[in-house]
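Order of writing sets the chain letters: A, B, C, D and E. Residues in each chain are counted from 1.
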Amino acid sequence: RQARAEMPQHPKWRFVFVNHVTTNPFFGPTQYGIQDACALLGCDFQWTGSQTSNAAEMVNAMNAAIAGKADAIAVCLVDPVAFNRPIQRAMEAGIPVFAYNADAPKAGRLAYIGQDLYLAGVAMGERIAGLVPSGKVALFIATPGQLNIQPRIDGAQDAIKKSGKPITIDVIATGPTVDQELSVIKAYYIGHQDVKGMFAVDAGSTQGVSEVMRDQNLPSKGIKGGGFDLLPRTEQNIKDGFLDFTIDQQPYLQGFYTAMEMFVFLASGGLSGPAEINTGLKFVTKESIDPYLSTQSRYEGNSEAAKVIPRSGPIAI
Amino acid sequence: MNADALRAEEIVKRFGPLTALAGVSMHVKSGEILGILGDNGAGKSTLMKILTGFQPQTSGRLFVFGDEVELRSVDHARALGIECVYQDLALVNGLSVYHNMFLNRERLRRFPPRMLNNGSMRHRAREVLDDIGVNIPSVDVEVERLSGGQRQAIAVARAVSSDARILLLDEPLAAMGARESALIIDLILRLKARGNLSIIMIMHNYAQTLDIADRIMLMQRGTVTYEKAAGETSVPELMEIVRREYRALRSA
Amino acid sequence: MSSATGSGAAGGPSRVGSAVDAFLRIREASIVVVAILLVIYFQSVNENFLSKANLETLSQFIAASAIIACGEIMLLICGEIDLSVGQVFALAPFIMHFANTAGVPLVLAIILALLACALIGLLNGLITVMLSVPSFVTTLGTLFLINGFTLTISHGSPVQTGGSEAFADVMGAWGYSEILWAFLIVAIMHTALRQTRWGLHTIATGGNLTGAAEAGIHVNRIKVGNFVLTSVLGGFTGILEAFRIGSTDPLAGGTNIMFLAVAAGVIGGTPLAGGSGTIVGGLIGAIVLGVLRDGFTLQGINAFTFDMIIGAAILVAMVSNIHLGRLRGAGARR
Amino acid sequence: MNADALRAEEIVKRFGPLTALAGVSMHVKSGEILGILGDNGAGKSTLMKILTGFQPQTSGRLFVFGDEVELRSVDHARALGIECVYQDLALVNGLSVYHNMFLNRERLRRFPPRMLNNGSMRHRAREVLDDIGVNIPSVDVEVERLSGGQRQAIAVARAVSSDARILLLDEPLAAMGARESALIIDLILRLKARGNLSIIMIMHNYAQTLDIADRIMLMQRGTVTYEKAAGETSVPELMEIVRREYRALRSA
Amino acid sequence: MSSATGSGAAGGPSRVGSAVDAFLRIREASIVVVAILLVIYFQSVNENFLSKANLETLSQFIAASAIIACGEIMLLICGEIDLSVGQVFALAPFIMHFANTAGVPLVLAIILALLACALIGLLNGLITVMLSVPSFVTTLGTLFLINGFTLTISHGSPVQTGGSEAFADVMGAWGYSEILWAFLIVAIMHTALRQTRWGLHTIATGGNLTGAAEAGIHVNRIKVGNFVLTSVLGGFTGILEAFRIGSTDPLAGGTNIMFLAVAAGVIGGTPLAGGSGTIVGGLIGAIVLGVLRDGFTLQGINAFTFDMIIGAAILVAMVSNIHLGRLRGAGARR
């Protein structure tokens, strides 16, 4: 309220966020971040797009936002070229466009806020190469070819290859829903008990990997595991030592900062606002998992309640 | 016994702009066989479907054993003792002969409870069909594989093996062979002889109708145009009346 | 008792005929009314709805499913369904792309792609009628098959759609070009269904398979033909969409677009059971679905509640459609 | 003219374990009307479907105008001049009366080419139906709304309005009213009078059959049990033979 | 010319009867043969296929779709379909979860959840039969509606499934518990379809709607009942799966599981057109699909080619199924 009073008088601007997997739990915190920023700034937002990474649906949603005279648009550029034209149309219509979560630098957006999908995959691949010296590694992907996860697996594969280690990679599709993913991962393991590591690039498969590692007690056999995102079972299994790592992309920030940049752009008449922000990428391990488990927060998406999380002691990176 | 088994008064039935029945009144007494004759499209089957509760009349009143009723459904009519054979036979192709014969009147087992008693139904079906004299290879066969006459025999067998008090038959002999027709007519007369069963039969064969019916009624273009005791008329007379009434209606 | 000859059993040819005509007209009319009511509603809550910019957007919400619906409706009428059309949608532009990068001129590349689609349709059809596999299973099989094939040849990543700007504009990139294609195809298919032997025989095949065969209609040929048609329309739509968004994506279309197309057909008045159907109805069904999706997006409904609202809206629209049909055709059925 | 219009030799048809036709030989001459009578399930319709190319025989030979043929399809048979009315009528419920009448023989426009000429079909349908004397409210109505007799009339009209040289009719009068039956019999006799049209009719009404047919043939349990010129037999004689043969077959 | 009386027109009751019986038995037998051939193939290429560990996994590939198939098959038989069952699957465990966290004991919470599912089924059924909306559209509407509702109450994020370990084990967490539930439900539903009036009337309703109504069967009641059944089975399966994977996910199930269940039914021998069907066939269809998915995963087929291979395998399995059926029942049909 105090902060608000110092803001100049402004209309209740409407920000449209076009997402590729609107109902994916990964973006729960993102939406909370947007919500918090909008509450802070007195703006409105819409969360729309596709549920299945369908670029055509996202383009349609963006066009609708332009037609509906949105004040600013943020979009996940999961397709390198599909958004060029709508972005151009929006900018011509005076609507600033930002990219978040996924980027295509040549698409003509003002700035990018997030962690690149491909680079996140590369980071994971480097980690895998560090954990597994040689042998067979499985990479699990829910829906091959889906724009929000395929780049991660591409990045991981490239990084593993680049490392030069004698690692062979099996890429396995697990299916679009969590109930199937678990069975698929288990079946793969039963057929390939010589595997040295199992890693996943989407939240559901990561949870599945962690469950199979627990079920078969794989860490005791020296098998490594890891993946992306923080579903409840994933967190628990990291805590219990069954999964080596998971990658947290700080989705809250991807929403919060994007909304902030939009606001500043509009408030400053375009003089300021766009800035590239790397929201970073955190490897969460048994050592750093505790705060995730002990707190339920908007920042990680497992609670709705808006509250300040107390912390104490020295800060470790 | 002064009450009619079934009585209809001023029944009107419209399908959109088409008036299928334009005020038909009729009745059948207990133990009587009424034969309904008439042109194609005269509204005979429509009347029949109203009498069995399958579709509601647009207006008009119905009385069953003297009481006015509004037939809500086929089940309702059946509870009142009305059983029927429709012109389209109402057979389910995917089901066996005996399941079709007992459709919605299935016999159940004592134990385990609520389970179908297929053995009993199969056995009874065989009996009834033999009675009718129709050669049906097996009661286990699905009805879609049967010949036209075999199918009709099943529908007729279904109706006559019920304990209905009023039986409505819509062209029950249309697809039956001569020998089978004779046997079915025998069967119907036997049923009638057992007492107070009323039968309404829609027929096209005048000779057969005069043989079996106590009274005949002629329908044309949604109205009743002629009615007489079967003994008081003849095939040529009926033919003549049909032609005359047809011309009259046509020029009207 | 030979009473009531006076009240005149009626029904001369003309009266029943015009009633039937009216009823047929009404069947599509009621869904048109629903579409109009929806447009009025959305315009009243957001004046941008009928703006130039949104009409263009709206047309893009409608076109793809309308075109594919033409094929699915023909299949539904003759008693079949094609689940794989969404995967053909994704494959076609890749075939075009690879042919084009291999040096084949774009127009020829498109024709090549459509021929490949026709081949898939032929496969669907032949397996269905010759080996009597139910089309649900046949096309479920080819759905996976084609999807895997597209993923493999594309390595799972999207490519830029080529072609000169003018050519791309004709093929879907210009705002209204896709809907114009849709109108053209709907017009042709409507005529084919209502005015040609092919259409009549499609209805007969679905309405009474044995009867149609007894009348000497080559029911298998009809079915296979409609499978080919559906695949080709699916592939063509995929190409249009690839030009529209400028990108060719291996998971474009999918079961999503197939569902939308079948839903458009069913909402428009084509029963799943076969034997009857309407192409124009399918277009209007696609319009209703497009208006709902575009309208609520424009209104700023969030993704979570969006599904709830669209679900309820589909039900309300459909119930009013049927209710309207009854009101206006009162008595035409019992 | 010594060649028969249609001749079948030793036709056998099996459905799995069931032998529907156990070696049937028959023929019809040019300009002749052959009436086929027989029990339900005797195999009459099965024979008919083989003669029209709708289903293949298990064994046996067919000759059309003296040439041996293997009928590949209904279209093939039709090209040879064979037209028919099936017992199940082969009507498509969703289509109008006139589209049903012209099913697979549609009239097309000169311009625009390949388009249906609905006007012409509608007009011709009306004419043919009036000829048969059946009251059908409109040729635009979908056939599912029609009465049983009206539906049959359409199927018959379809066959008789073709320019077939061999006409096969499976119980064409089963659902027809008396007046309509008489009109159709008239029509058939008129067609026959025009010359070299051969007709095979499956019938159950002996009197009607003897009236119209030149020769009759009796089928029972998949075989031909009796054959005679119509003038040389009578209804009572036929009834007697049917009973006798039935008993003989049954005890065999 | 009254020839050939000697060759004996045959077909006494017993011979035709046993042929029909044999044929009916064969219809399921041929798909059983296909399943067995698949098992032999997979065991021969990977000896782990019939290992204890994999049998458990395999059972989990099968159970969910087998249970839901029981409901969908009943609906298909009576001429309807439920597209929304996968969304009910996701909703039920959330209702259980919220009831449980609100203090309701877990068993009661499950009953509450199933009652809610029954209500959804009732809604699907009533809209379909009372307002004569085609079930494809009704359940498409409720599909979105329920999906949006589940997302809203869950805020889109999954929760851990609660309950004591023993209870969870009974309800799906123990390796074989889900398949045991599936066998139990299949046995009950098979009996219901083949041995009770309900089953007979379901077949009659789908086989000849008018005829069934003329015979006095309450066709609407039958349809609504089967909608309720399907929803309840869908919800129950969702709860089992939530216990099995330990997590309750708002996007679990979905159109995916619905597709699988319908496909299992169709592969097992239930036509989409209604009027006939087999529950045991549905189970075997689910087994075939499960064996294919498990077997190829065990083999480690690459993600891109997986779909291609599974698509081809579905086609091959189905074609052999029909071919086997023909070989063994040779002549039983023409």
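Everything below uses one rule, namely that a residue touches a chain if its C-beta (ideal position, glycine included) is under 8 Å from a C-beta of that chain, and two chains touch if they have at least 3 such contacts.
Since we're looking at a predicted model, the values are computed, not measured.
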Fewest hops from chain A to chain C - one hop per pair of touching chains: 1
Which of A-E and B-E has more C-beta contact pairs: A-E
Averaged-CA centre spacing for the pair chain B and chain A, given as whole angstrom: 72
Computed distance of Cα centres, chain E from chain D, in Å: 46
Where chain A and chain E are represented by their mean Cα positions, the distance between them in whole Å: 35
Multi-partner residues of chain E (each touching 2 or more other chains): 11, 15-16, 151, 156, 303-304, 306-307
Residues of chain A touching at least two other chains: 23, 144-145
Multi-chain contact sites of chain B, meaning residues that touch two or more partners: 15, 18, 88, 137, 221
Footprint of chain E on chain A - complex, ascending: 23-25, 27-28, 141, 144-145, 170-173, 175-180, 182-184, 186-188, 190-193, 204, 207-208, 211, 231-233, 236, 301-302, 304
Residue numbers on chain A that touch chain C, as the complex places them: 14, 16, 19, 22-23, 44, 46-49, 51-57, 59-61, 63-69, 79-82, 84-85, 93, 143-147, 150-151, 154
List of chain D residues in touch with chain B within their complex: 15, 18, 37-42, 44-45, 87-88, 134-137, 145-150, 152-153, 171, 174-182, 204-207, 221, 238-239, 242-243, 246
Residues on chain E engaged by chain A in the complex (per definition of touch): 46, 48, 51, 53-54, 57-58, 60-61, 64, 151, 155-160, 241, 244-247, 249-254, 256-257, 293-294, 297-304, 306-307
Footprint of chain C on chain D - complex, ascending: 52, 54, 73-75, 78, 86, 88-95, 99, 103-104, 106, 108, 114-116, 126, 137-142
